[in-house]
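What follows is one structure encoded as structure tokens, with my remarks underneath.
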Amino acid sequence: MKPNRLEAFSDGVIAIIITIMVLELHAPHEPTWTALRPLWPVILSYVLSYVYLGIYWNNHHHMLHMTRRVTGGILWANLHLLFWLSLTPFTTAWMGETHFAPVPTAIYGVVLLASAIAYYVLQLLIIRSQGPDSVLAMAVGRDKKGKLSPFVYLVGILTAFVHPGLSGALYATVALIWLIPDTRIERVLGASQPGD
Amino acid sequence: MKPNRLEAFSDGVIAIIITIMVLELHAPHEPTWTALRPLWPVILSYVLSYVYLGIYWNNHHHMLHMTRRVTGGILWANLHLLFWLSLTPFTTAWMGETHFAPVPTAIYGVVLLASAIAYYVLQLLIIRSQGPDSVLAMAVGRDKKGKLSPFVYLVGILTAFVHPGLSGALYATVALIWLIPDTRIERVLGASQPGD
Amino acid sequence: MKPNRLEAFSDGVIAIIITIMVLELHAPHEPTWTALRPLWPVILSYVLSYVYLGIYWNNHHHMLHMTRRVTGGILWANLHLLFWLSLTPFTTAWMGETHFAPVPTAIYGVVLLASAIAYYVLQLLIIRSQGPDSVLAMAVGRDKKGKLSPFVYLVGILTAFVHPGLSGALYATVALIWLIPDTRIERVLGASQPGD
Amino acid sequence: MKPNRLEAFSDGVIAIIITIMVLELHAPHEPTWTALRPLWPVILSYVLSYVYLGIYWNNHHHMLHMTRRVTGGILWANLHLLFWLSLTPFTTAWMGETHFAPVPTAIYGVVLLASAIAYYVLQLLIIRSQGPDSVLAMAVGRDKKGKLSPFVYLVGILTAFVHPGLSGALYATVALIWLIPDTRIERVLGASQPGD
């Protein structure tokens, strides 16, 4: 399988996930501002998940772009990542509809954590098959963000049982940290120097 | 990231949005003409949103076609546009099911307005990265339609609280104005002359 | 816009329509054979629509493959066709859930008829822009099937008020007639001789 | 029609099927661990179907990659396969929501069996059109897995009425057997030797 087919399939799945999430945003029965108010937590969690999926799409795309060969392991590590991402509409809806209640907020973090680990495993397998001198290995560098994020998710999961709002803030912070991920890779591609 | 990948992803998201909207068109329980009658506002708002998404797909496609380089800013401005478009099934369903009630009709206009602004920002970023002498800059020209539309949406939002039917007519008028947007761009591509 | 982008977008929309139809196939609450029995009309109408969308995808694909230039008119005629096809999940669900009741069966035929007319208009616009000596014009030839189908749909719509089962049989017959449409086009492409 | 268009369409349909399955995973109303517990069978059947669709996507992709020519028969055999796969979200939801009750578990196996037969027919048609000396014919070889699977599904269907849990284990076993299917094909492509 060529990387561009894997890329097209993954792009398709992420595009569908990001879009069907909005189906959980049910139109209220009453046509009033009051009816719209309880939707705010739902919209907020939708925005958070939208940004996360946008980041995953973007980073995943860059990573596959630097992949030369797709092995069976890479293929299933990729499907494994998409599996966890596909649970996002479920956790987003649950967290939003229960207005950031402890258990759903923790579960939301669990899926974020599992997605991050799945991404890390995929990245590891690609780098291993490409060699330590590959462009991807250099672009990833020491991968501070990738190593830090799981710990923040873990803190967010535990915090959810005490103060779920703080968990939401932690999840949002990680998203903000990742929002400008291209620079590392773009720098390497431009200057051919080890990144990070 | 190459423009054609961004284009493929955006096309995918718009194709999904345009199609899942129909899931809000619930089959009535009674198999009668009478049961079909309350669906008219739902179908009407579906048609309006379908035309809008068709216009966005078309114009967006032409714009990306003239884009040479995708920066991080362009990528997120594009995801920002898709975010507002992704809310269309929600606002369409709410406006339709409440039979063009004031608040949902105003909210429908708010999402139209936000989409228009997001499109404008994306266009601005692309033109800036391409230079003022680029084909896109010439094709867009003074962009009368792009500058006029937000004001009509704004009027439509305010009118919704007095006469929602008029708002619907205003939204439909903007759609009709945009229905033949290619000529500008096609003229430039054909004759290499400043458009508008 | 290049024909292959229009093709990719249309393929995407048809793939989504064909797939989300299954969402109307709700899992029964009881885990028994009895609970499965009322689903038969739903499954039957799903199969019928699935075959129709498969035919449209196939024929549409061949038609666009022979299209050299996409004008604004062709683009909107294509979106017009996709609009009617997008109503298929709705009419399929209604006809199936009401066990082929008169009104839903007639409405199902109305959408078939509108889709057929939209396809005919699209074909006309493409042939006109390509010229009467184009491969497509020769492949379509006298287009007996294309001209016959609308009349059978019309008969099916009227019959629905007397004997909806007969309408279903008529719709299925047209599908069967279209099931082997490639031969015409393939013959022309292979032998370069006028088709039909 | 070129194989790569058939591949793109099939990839799209499978991507949508694999993703909309998650829509059957409804967010519970209560934000508690207790509310999450009855979801386990639903999640379990989701994982099983996800792995199956991943296997089909992967194998289907490899098969089409070795296909040179798409005949009308291949096209419809492919749509026939996608039809059975499209029923997966329905059978997955029913089996999961009824906590692996006998009838839904048997029906789940019936759709697995029908998909396997549809895949076999498609493979047969492609090999026939490519010739017995083609790369695909060599890669498939004696096709032990392909011939064994239907019998295991059949046993699973019958077992469902006695011990549905065992059926689930049988379905999962077949999935595990298929999880590493590439080696056969990759070996052939690498060494140009008859596989299996």
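Note that the chains take the letters A, B, C and D in the order they are written out, and that residue 1 is the start of every chain.
Note that contacts are C-beta pairs under 8 Å (C-beta built on N, C-alpha and C of every residue); 3 or more make two chains touch, one makes a residue touch a chain.
Worth saying up front: this structure is predicted, and the values here are computed from it rather than measured.
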{"item": "Same or different residue numbers at the chain A/chain D copy interface, by half rule", "value": "different"}
{"item": "Rotation in the CA alignment of chain A with chain B, degrees, nearest 5", "value": "90"}
{"item": "Distance between the centres, which are taken as Cα means, of chain D and chain C, whole angstrom", "value": "27"}
{"item": "Length of the line joining the C-alpha centres of chain A and chain C, rounded to whole Å", "value": "38"}
{"item": "Touching two or more other chains - residues of chain D", "value": "8, 12, 16, 20, 23"}
{"item": "Topology of the chain contact graph, where touching chains are joined (line, ring, star, complete, other)", "value": "ring"}
{"item": "Those chain pairs that satisfy the touch definition", "value": "A-B, A-D, B-C, C-D"}
{"item": "Chain C-touching residues of chain D, taken from the complex the two chains share", "value": "1, 5, 8-9, 12-13, 16-17, 20, 23-24, 72, 75-76, 79, 82-83, 86-87, 89-90, 93-94, 97-98, 101-104, 107"}
{"item": "Complex contact set, residues of chain B against chain C", "value": "7-8, 11-12, 15-16, 18-20, 22-23, 25, 27-29, 31-33, 36, 47, 50, 54, 57-58, 61-62, 65, 179-180, 182-183, 186"}
